[in-house]
Amino acid sequence: MPDVVFSIDQSTPMAQQRVPGHNRWHPDVPPAATVKPGDVFRVECKEWTDGQIGNNDSANDVRDVDLSRCHMLSGPIAVEGAEPGDLLVIDILDLGPVPQTQGPNCGEGWGYSGIFAKVNGGGFLTDYFPDAYKAIWDFQGQQCTSRHVPGVRYTGITHPGLFGTAPSADLLDRWNRRERALIATDPDRVPPLALPPLVDGTLAGTASGDIADAIARDGARTVPARENGGNHDIKNFTRGSRIFYPVFVDDARFSGGDLHFSQGDGEINFCGAIEMGGYIDFHVDLIKGGMETYGIHNNPVFMPGRVAPLYSEFLTFIGVSVDHRDDTNLYMDATQAYRNACLNAIEYLKKWGYTGEQAYLILGTSPIEGRIGGVVDIPNACCSVFLPTEIFDFDIRPGGDGPVRADRGQVAVTS
Amino acid sequence: MPDVVFSIDQSTPMAQQRVPGHNRWHPDVPPAATVKPGDVFRVECKEWTDGQIGNNDSANDVRDVDLSRCHMLSGPIAVEGAEPGDLLVIDILDLGPVPQTQGPNCGEGWGYSGIFAKVNGGGFLTDYFPDAYKAIWDFQGQQCTSRHVPGVRYTGITHPGLFGTAPSADLLDRWNRRERALIATDPDRVPPLALPPLVDGTLAGTASGDIADAIARDGARTVPARENGGNHDIKNFTRGSRIFYPVFVDDARFSGGDLHFSQGDGEINFCGAIEMGGYIDFHVDLIKGGMETYGIHNNPVFMPGRVAPLYSEFLTFIGVSVDHRDDTNLYMDATQAYRNACLNAIEYLKKWGYTGEQAYLILGTSPIEGRIGGVVDIPNACCSVFLPTEIFDFDIRPGGDGPVRADRGQVAVTS
Amino acid sequence: MPDVVFSIDQSTPMAQQRVPGHNRWHPDVPPAATVKPGDVFRVECKEWTDGQIGNNDSANDVRDVDLSRCHMLSGPIAVEGAEPGDLLVIDILDLGPVPQTQGPNCGEGWGYSGIFAKVNGGGFLTDYFPDAYKAIWDFQGQQCTSRHVPGVRYTGITHPGLFGTAPSADLLDRWNRRERALIATDPDRVPPLALPPLVDGTLAGTASGDIADAIARDGARTVPARENGGNHDIKNFTRGSRIFYPVFVDDARFSGGDLHFSQGDGEINFCGAIEMGGYIDFHVDLIKGGMETYGIHNNPVFMPGRVAPLYSEFLTFIGVSVDHRDDTNLYMDATQAYRNACLNAIEYLKKWGYTGEQAYLILGTSPIEGRIGGVVDIPNACCSVFLPTEIFDFDIRPGGDGPVRADRGQVAVTS
Amino acid sequence: MPDVVFSIDQSTPMAQQRVPGHNRWHPDVPPAATVKPGDVFRVECKEWTDGQIGNNDSANDVRDVDLSRCHMLSGPIAVEGAEPGDLLVIDILDLGPVPQTQGPNCGEGWGYSGIFAKVNGGGFLTDYFPDAYKAIWDFQGQQCTSRHVPGVRYTGITHPGLFGTAPSADLLDRWNRRERALIATDPDRVPPLALPPLVDGTLAGTASGDIADAIARDGARTVPARENGGNHDIKNFTRGSRIFYPVFVDDARFSGGDLHFSQGDGEINFCGAIEMGGYIDFHVDLIKGGMETYGIHNNPVFMPGRVAPLYSEFLTFIGVSVDHRDDTNLYMDATQAYRNACLNAIEYLKKWGYTGEQAYLILGTSPIEGRIGGVVDIPNACCSVFLPTEIFDFDIRPGGDGPVRADRGQVAVTS
């Protein structure tokens, strides 16, 4: 087992850990640990809400979650010798839930996925599913099942939702400028267009005084992916992956968390992955001056690992960039096309007895593949969602005796 | 070899074929042939521009192409017993270029891909590549190479870009209404937001008189995908696939064409696939009343085949929904995120000596996978493009001796 | 389409072709054509029995087949510049049945597989299935079905059973010596231990006179694989494969045939593949002195292609080196272990209503994987056969409602 | 984490564990624990030699190993309700080395593989490698490397070598009879043809008195696979697999161990896997009367899991059943054919600077696939070994600059 350079007591909030992590991107969050190129080390992580969600049958905790605290990141890990312009080469050697434990904290043998209320975060289909729902998932080795979504069992493409390097002061400034400009186009929107820095709920690692104040005032929220990596929510950052991160500050200052047991492309119900606390083991290296050498500036580049579960039979749903509710045609909008592909899949799954919420959570958590089809055939972008038939314990394909509708229960709801 | 129910002389335009096809969607295009559920049959196809592009080293023909004639479709094939509300079950048994022939017509041992000029069709990156370019690809069995793009060899995921059933009069009317409404929001845009019906260039199959006039006046252009299928440009419609098409008119009236030897997800340079004339073999069946039974209304559903080439090592580029030219933040725009992922890949490939145009055509034609990453992390949608490293005859991965820049020539340009 | 350097009229025996091929390995069979390193070319092939088997419902032709004429090989193809000690680099670009034809000759839309009678060739399970049987398979694109074996549909791993270079006189002499020594240990065995040269039935290509006599007298039978390649019956020699053949004579003199539409590992019923006439397209190159450079002396080395069909769910049967009929323990006998694995699979398939002969033919023709398990755990070698569940149109897995026994007919029998 | 029903202190021999396991197959070994159908549980295991091998650079411990103690099995686990004739349905949920530990005992972050001396166990190529050698492998997540075999890194197909149900008294009697008959054909052979029961070194679980004596006197050695399962050494018994074991005694009495981090097909150097202590998690169920229902009598049947690492590029070596040392032709001997395929691969690897011992250990430990090619083409069986090129950190394929010979060190040798 590698040395643990960032450790977590899963029963305690991040702010009370011996060395706390942070929840804003800022160049001045002090390193929590230091490693050298060539090192192998372990980072332990809280689940992204810092323990606000319980293993129970009520979605009230999802409804009432305090998003200002999210995501709770482990780090920063300083990498000796890293300088702006380098590429940080990160190998994901292993990751998983809290090892060898069954318990009340998320990641201790279980995880959850939630549909967030439209008034508190929302999700990809929030216009169709405006309320809060939850499902609990039990882990058995690399597989999971849920008492809230019977009939499916997945082998998880376990991965971290969010890792990245610290932004430089200049890069942070650009983020704040461009995101505030976006918010200004519709400042009262629900859900909002973006989230500006927010003092409330800020955890600045071990910083104090003026530095902590600056981090709270200017630190970028961790919700989106940006130039430094961040919340990619790409399921293929799995074991065996190698990622090349741009370095923007001395020592790179690498942070992350938001571990997922499984997730479909798009993480469509926002908290759509199966969330968990756990650990992740890294090997680290540097390519000096690699950003210019390889032309890698705007985002990390990565090579996926070899151990994603092999699903080979899919039922594929297509969507185009039309809003079918009022027959409005959008222009080359892949987001809308993918939304329709997902809605088409949900409609299909409901024919077999699943509720819409269950179907939504299946798409969020199972290893679906979300593909860009055509993005040049005006006016309709075309996207598709590949649903592996092999995750179901019944034959989900069209044909034969038609859809076998059964009572398949319901996910956890609010009271 | 199955019976050929729609035959093509590749040296002759579609309008001069013995039984001509059509290039507009309309319920009244007369069937060119009739089949029964359970039948196996072959359909021959022209390449999508109807033979306007030659096997040469000039992109003038791409620059000057007449798009009003595209796409040239084979069909309609009437399916006995099909009624509105049914699902048409189509198995793609085989498809390929013109069999056993080497010759001057596209599909006779060769195909092409083009970057269309911004003033004539454009493409996904038309702001970055506004001019016309072309590459010719030679077929060797299931593999292809290009004298215009050295250093790569692909095994093609051969597929039809476009097949679909005829729209009902009502559905056609909805299409025309919603697309005209979109055009009206910016009628002078170049390239346009959508293409309305156009009398010029219409080929109405064997229709004549008033019916031909109506088809020319009201028939939907074949560019986008819609409820009836249409121009999906999904590379996974390959051999062995089974597709469930909604039926909107009696006898279904199934048409298509636009065969591709290979294509990447997104078909990003518009004519981004390797285009070819050729043949496609189908098995056909019906699920009576299947649209309601399975909840399949908005788009076809399909199950991909098993013989897509197995590429297992990828270099993956990520993009988020920011316009990096002026640091504008777009809201959850997967189209922009995918555009950035592609631009990032092009930047990388240029470090190895490819021109931007070559890199653009590699992404358009090779079996890249375009994935939806996160579409819920405000404000940045995140998409990724998986480039198979195994298509290159040199080691394209970061590391080692760094990028080996070589003179790799250039694609065909205009004069 | 590549140039055809060896052409076949499928309705005519090999001996009556314009340029006949041959059916013995000998250095002096005159080249039928010449190619150069870098060339792409097509070779047309007869099915291995030279047309003795018909598309009908009687196995009499299998029972009565004249094996002295088999295998009929196309070639030799001389490769300019090849010398003993070189490696001949062969790319299989494409192969398939007789193109674009439906007809009475094997390969014209159909193929066959046979269980040979113990008195005439036998097979892997000839003690259990001593009589002659046959199944006809119809091709639909890359898939096949059989009226004699309902309930299965395969995507074929199409490949040549047999290609190789000519032996030198010295190598041929060694073959004859060691195989005659083996025969001498039990000269009257049925089936025989090996087949010595046989004048009857010899076809010596275009040779005549003394040379033809020498070929008939000394030429090695084509049944087994040897140092020159030969009858490997390895299903993974499929499209996209690259093979490195040792060269033993000037110009390499490359010959082959015995095309298979599909085959399981082991080709267990001897004529266990789905046999067909057809074509194969090659690219050829040389590595001068490559045998010594790479240490490749005893057998060819190859790299399989990327387009084998993807089957991912298997039912795996195990066998160990015991003869369960009389509980005799053999020592580390992988042949016996694999025989038991196959027998165990047959026993299982019979529970679903297949006859033993049908089950035997499924194992021979479908893309089963035959694996060496343990070959060190004395005294029992352990082998396994991986049967893809996805080839069946019903659920073949244990569990649920148990094996659903149905009347599944029978293969063609003798009269 | 599931309940541990059989626990191990890795620093202590099996005989001294709180509840000891056993190392002979016998119906009367008392159950160490009891589970019910539907249960999920964990079994901890010692590595197969019970801790005789150290993490060091000498092969003396391999040379001197006491094989009479091997394999040390955890169990038996009684399954309530199981009766002779049932099928025991075992799901492998997870397995791995000793969790979260780095230490001196095998499985604590490391494993080993050994070439056993011909006079003490031998191996598949013992005539070519008669002495003892060893390599130590370090685990990083699912990957491993060795200081003794530089240049390779594998993702392990982690699996148990050996699990099985207890034989009935009658079945045990048949084993002893048939194996003694085999030994009698050449009683002085080195290595021996089989291993008869042996009182020395017997560990009979918690049995004592007459029962312990009977177990020592009659208990079958654990080396080979037999009807009850046993030492299959099939690498595909990995996470997610479901195995159907025949039941021969009441409560099934399921035992096993011999965990492997990685192994190639054949486990060719005998102790050819990367051996480790660790844990394995099971789900258990029963199919009452399943042996007759499904025709499963002679061996277990299994369905492999979905998470085997995906290697898609192979260099494949072929062998036929000839002894090339003296040009002796064996008859249809797949064991010999596979031996030659392995020897051919070793010859190739030596051209790149590996020693024969290193090459032998690469074949034993890496995820090679060992395939039955043809077993019907008299007189030569044909087998092949698929070596994944992607495990090497240099380009191992023929071509280009030829084999790059480097000094690649050597494995641990004896002093």
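All chains are identified by letter, namely A, B, C and D, in their written order; residue positions are counted from 1 within each chain.
Following the convention adopted for this analysis, a contact is a pair of C-beta atoms (placed from the backbone, for glycine too) under 8 Å apart; a residue touches a chain by one contact, two chains touch by 3 or more.
Everything numeric here is computed off the predicted structure, so don't read it as measured data.
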{"item": "Chain whose average C-alpha position is farthest from chain B's own", "value": "D"}
{"item": "Chain pair with the higher count of C-beta pairs in contact (A-D, A-B)", "value": "A-B"}
{"item": "Gap in Å, rounded to a whole number, between the CA centres of chain D and chain A", "value": "39"}
{"item": "Length of the line joining the C-alpha centres of chain B and chain D, rounded to whole Å", "value": "51"}
{"item": "Chain A and chain B, separation of their C-alpha mean positions in angstrom", "value": "32"}
{"item": "Contacts with 2+ other chains: residues of chain C", "value": "306, 310-313, 390"}
{"item": "Residue numbers on chain C that touch chain B, as the complex places them", "value": "1-2, 40, 92-95, 99-102, 109, 140-143, 155, 239-240, 281, 283, 305-311, 390"}
{"item": "In the complex with chain B, residue positions of chain A that touch it", "value": "87, 89, 122-124, 174, 177-179, 181-182, 191-195, 223-226, 231-234, 236, 244, 265-270, 272, 287, 290, 293-304, 306, 312-320, 322, 324, 327-335, 338-341, 343-344, 347-348, 350-351, 369-384, 386, 389, 397-399, 402-403"}
{"item": "Chain C-touching residues of chain A, taken from the complex the two chains share", "value": "310-313, 390, 395"}
